[in-house]
Amino acid sequence: MSADHEFDRTDTDNEIQRAAKLYRNWGRWGEDDKIGTMNFLTEEKRLEAAKLIRRGKSFTLSAPFDQEGPQKGWRRRTNPTLFMMDTGTDASLKRQGFPHGAGGADDFISMPLSCSTQWDGLGHFFDYGKTWNGKDSSNIDGMGDHGTGIENMAPHIVGRGVLLDFGRSHGTNGELPDGFAIRAEHILECIEAQGASSKVGRGDIVIVRTGHMTRCKKLPNWGTFAMGDAPGFSFSTSKWMFETEIAAVASDTWGFEVRPNELENSFQPLHQIMIPNMGLTVGEIWDLDELAEDCAQDGQYDFFLTAAPMRITGAVSSPVNPIAVK
Amino acid sequence: MSADHEFDRTDTDNEIQRAAKLYRNWGRWGEDDKIGTMNFLTEEKRLEAAKLIRRGKSFTLSAPFDQEGPQKGWRRRTNPTLFMMDTGTDASLKRQGFPHGAGGADDFISMPLSCSTQWDGLGHFFDYGKTWNGKDSSNIDGMGDHGTGIENMAPHIVGRGVLLDFGRSHGTNGELPDGFAIRAEHILECIEAQGASSKVGRGDIVIVRTGHMTRCKKLPNWGTFAMGDAPGFSFSTSKWMFETEIAAVASDTWGFEVRPNELENSFQPLHQIMIPNMGLTVGEIWDLDELAEDCAQDGQYDFFLTAAPMRITGAVSSPVNPIAVK
Amino acid sequence: MSADHEFDRTDTDNEIQRAAKLYRNWGRWGEDDKIGTMNFLTEEKRLEAAKLIRRGKSFTLSAPFDQEGPQKGWRRRTNPTLFMMDTGTDASLKRQGFPHGAGGADDFISMPLSCSTQWDGLGHFFDYGKTWNGKDSSNIDGMGDHGTGIENMAPHIVGRGVLLDFGRSHGTNGELPDGFAIRAEHILECIEAQGASSKVGRGDIVIVRTGHMTRCKKLPNWGTFAMGDAPGFSFSTSKWMFETEIAAVASDTWGFEVRPNELENSFQPLHQIMIPNMGLTVGEIWDLDELAEDCAQDGQYDFFLTAAPMRITGAVSSPVNPIAVK
Amino acid sequence: MSADHEFDRTDTDNEIQRAAKLYRNWGRWGEDDKIGTMNFLTEEKRLEAAKLIRRGKSFTLSAPFDQEGPQKGWRRRTNPTLFMMDTGTDASLKRQGFPHGAGGADDFISMPLSCSTQWDGLGHFFDYGKTWNGKDSSNIDGMGDHGTGIENMAPHIVGRGVLLDFGRSHGTNGELPDGFAIRAEHILECIEAQGASSKVGRGDIVIVRTGHMTRCKKLPNWGTFAMGDAPGFSFSTSKWMFETEIAAVASDTWGFEVRPNELENSFQPLHQIMIPNMGLTVGEIWDLDELAEDCAQDGQYDFFLTAAPMRITGAVSSPVNPIAVK
């Protein structure tokens, strides 16, 4: 029996609805639950994760936030803009009016919350007008997400992270080609190849490296990193993610799932299963290269991960600086 | 001999320059150092901190980021504004054009980087035209901080946090009055009162609770939380912070140090010592109430703290969602 | 027979629906019309208006756009924020890298389009889910106004302006008290008092001075200018505006119509008639004091008015710098 | 004797300094003047201009303000972003909470003030650290322009506009090629070719059509409209502009002057003469095609022009919707 969810890519509508029904966690943690599969990440799990800190070395998994980022403006997703409200040049020229040598710099940012390393919150994607727990998507209006805003995740996303480095296990020179659909069978192979520290179970945060960012960040303007073709999880992994009861998942690509999308005439169909039905928080645009290099060297693929979203009231996504400690 | 740095509050200029000279770490970690006292937070220290995780319980120390925040517009410091670029209402009314039941919400934020729970980076404050390591403050221009941008801190701020709850040790109903200057003698008393888990040493991140936020967040529009009078560290603590070799410090007030400022006709004079001279990163507007309640109950005041700033290229400050794990 | 539309203020729902039906221009200029009563402002009308230029003196009717403005944050309506992206201080310190003495300053603005002197476009207000010409309000979604965006008004708003200075004709010291409901009878009295140059007819742009801004701009933070009580047009003027066939109307208050609103438990009910039903563009927060002083002196109350909205694709409102030339 | 200012393109530094001295208006209107050559636009001049209104037809000379604009991010100059704060979809789904069928849409914009059709104010460009009237460029700091902010221009820019259509007089199919340097001799030829209505004198606003925008707005993403090669005024026209005593000048290109710049290793050297020395306000990215077509048809090249900048306190540039009336 396959660990994969098999599907007919020409029957888009039925396949989405079938998977949605099979892998739906609505009501599992009560009608008013706001964090979905993050419920799997218990204090016991977090305590176990603490034991993975063996050297005290910390890694940021964040890509930079600046104008040189990968966004190209699709649906107004631009790169972040930093503004200096007060500068050292003003201070040097004594323009600020503070007494006795005091002076300061102050700054401001304007950015899509999904512009760089990010979490998709539970209000970020819908399935036929439904959001997490079967609520109507109209609960997310021009004022924000009135039910599952990212602020609800603020204290929770800290636990055991496991890096699955498909770039190394199934790719060439550490990179999967664009369009490579990672299936459950590949997941099992990757875990097998990486060894015991890669075992994944309930409450884990799975970190997927494809090597796509490695390739794109060297290109002028990141090439087609945003919206273009990319390796990523197949629609077939919905079964594995559901049954394994992971707490969250993240990857080094723009859109997590494989692109071109597998179902005919679909747009990010795995998102439709993962976020509103499964209640799974999805991370995107994570920079995993430094961590992956370290894991390849010491063979330890699990670590203590803190990936705290900003506590923005009513937001459906959040920038994040995920910190892995080994 | 006092642990406090004694000073004459009428001799502002000389006192600032004297303290600056006494507690200056310029060159200590090389001419091109970008993280200052964060160098004290070593891997060994971080490894020790991991042992403080005993229950797996996590706490956010972030205040909310929304229009109901404490800012009043001083030097254009406003509260953050969330914009919805795509909404569930649009999706419900089938306005988005995605196929087969797909739909999404997307959001955008505009905010001063110092609007809510934050780190002041090493380029945030100057002393007579000098910034960290003696560099000229003009290195921070309209394009950002070309030397000590907050991105340099991205992987590092994870270690042992110690809560010093002066609200409980020296206040009434858990709150210090406005204008209360916390001196080194109070620090020692607080540590004594709280017990062994509160011992502070090299590489620790000191978290200062005054109760000021507890009081102000209940007031309409936060009262005068921003820019008004507040309890906070005295100028005299510069000696203790320097000699103790802490890695960073943060508090539950708008401006960390006591206000009104102690030195006549000065503006945040302790900042002038801490940031550009000592190289000490300072956190402000942290919400410590839930953590403090827990510490008061179990008597354990130290914890594993991850306080990862956003990796914003060239920024002088950053919002942060600090996560304490006990 | 009264020029006023009489109404029962306790019968809100019926009164709104009755007036909406009576003063509705749907279909008058075709099903796809995008400019409503601006159609009354013909080239002939504009040519007549040109003859009103007798001295060549120009007046701005714009209030300032800056952080000191009247907004208090209702529904995220804040004052505008100006950011300097490049500064003269940077240039003075030779930080910009331009050759041979070249240097520049560059700036950026973030603002609600309704933050200061503005036009409400035809997509700005709805009546029971309907917008101008009977279209469904859902045509205005997260991407903007797909039907009647303000860009459609870009070339048109130039013609004869007539100042009706109710502050002087019916007020004390040039100011109407808050809550003063200007009715059609007052309009006729004002025109009578001001003389022949104040006659209003088809295609005119009526400029209403109440003195409310005069009073509020002297108060700390503009007092309750935004959202508070104010003088303004009564619900009863809907008849006069409709029958007179004016092209547009503007005033020196935050919300044009009298506040508190006259109909019980209503919110800006006259807007509901004027914008979606009549197709009338409404200007707010216009600073009329300098112009009014001049008109009071020379007795000429009409002038050539250019009030060009920004050509922002899909916007429902626009800042404007209206220029009157006498 | 030539109407052109002749120069040696290899002697950049000397040529800039020579022209700066020759065409400098510092002190001409007093030490505290804030509007430069706009002083030439007198009430008499404006009165004359009113006589040019013969048909009552109005034209917008503004390009659209939206994400499809020409900017590519140079020095953070992006295209404008419109955000909807309240939408009709929210209203349709009764999410807004207004009573009795009331509902509204509200919007917000974030944009560089130079992103589309604009004025460069007198604080926008420097010459060896000097700005208009010989003031130090450090008067323009992180808080804005403390001397010559664009708000000073708010009531003034209304007068006689003259279109010089070099695309038609010297180009092919109405377009000059990139790199074409328009010299004074071409100006005189164009005026000669266009006839009496094109005569330019003191106080006029000269509108320069090159056809560059016509070409670029048809290209994907506007091609290299921003920052690329373009036709434009030659450095040699500084003499003609100075002697003719025009009030302002504007064109249909990104940077007004010819690109590549004529002086070796220079950046916009004509700006260095025009703005800080001559005190001449410069318009860029104006869309002149519809007006030019009309002028070509009726042979009348002058018109009543209102080009009112927004009244933004301390800004160095401003978006504008220029309205020509013939």
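For clarity, chains are labelled A, B, C and D in written order, and residue numbers in each chain start from 1.
One rule holds in what follows: a contact is a pair of C-beta atoms (placed from the backbone, for glycine too) under 8 Å apart; a residue touches a chain by one contact, two chains touch by 3 or more.
The structure displayed is predicted, hence computed values, not measured ones.
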{"item": "C-alpha-based rotation, subunit C on subunit D, 0 to 180 degrees, nearest 5", "value": "180"}
{"item": "A-D against A-C, pair bridged by the larger set of C-beta contacts", "value": "A-D"}
{"item": "Centroid distance [mean C-alpha coordinates] between subunit D and subunit C, Å", "value": "27"}
{"item": "Centroid spacing, where centroids are CA-atom means, of subunit A and subunit C in whole angstrom", "value": "46"}
{"item": "Sequence positions of subunit A contacting 2 or more other chains", "value": "76, 81, 84-87, 89-90, 92-93, 95, 108, 110, 138, 141-143"}
{"item": "Topology of the chain contact graph, where touching chains are joined (line, ring, star, complete, other)", "value": "complete"}
{"item": "List of subunit D residues in touch with subunit C within their complex", "value": "12-13, 16-17, 42-50, 53-60, 62-66, 68, 75-77, 80, 82, 84-89, 91-92, 98-114, 117, 123-129, 131, 136-145, 151, 154-156, 158, 263, 265-269, 271-272, 304, 306, 308-317, 319, 321-323, 325"}
{"item": "Sites on subunit D touched by subunit B in the complex", "value": "81, 83-85, 87, 89-90, 92-93, 95, 108, 110, 142"}
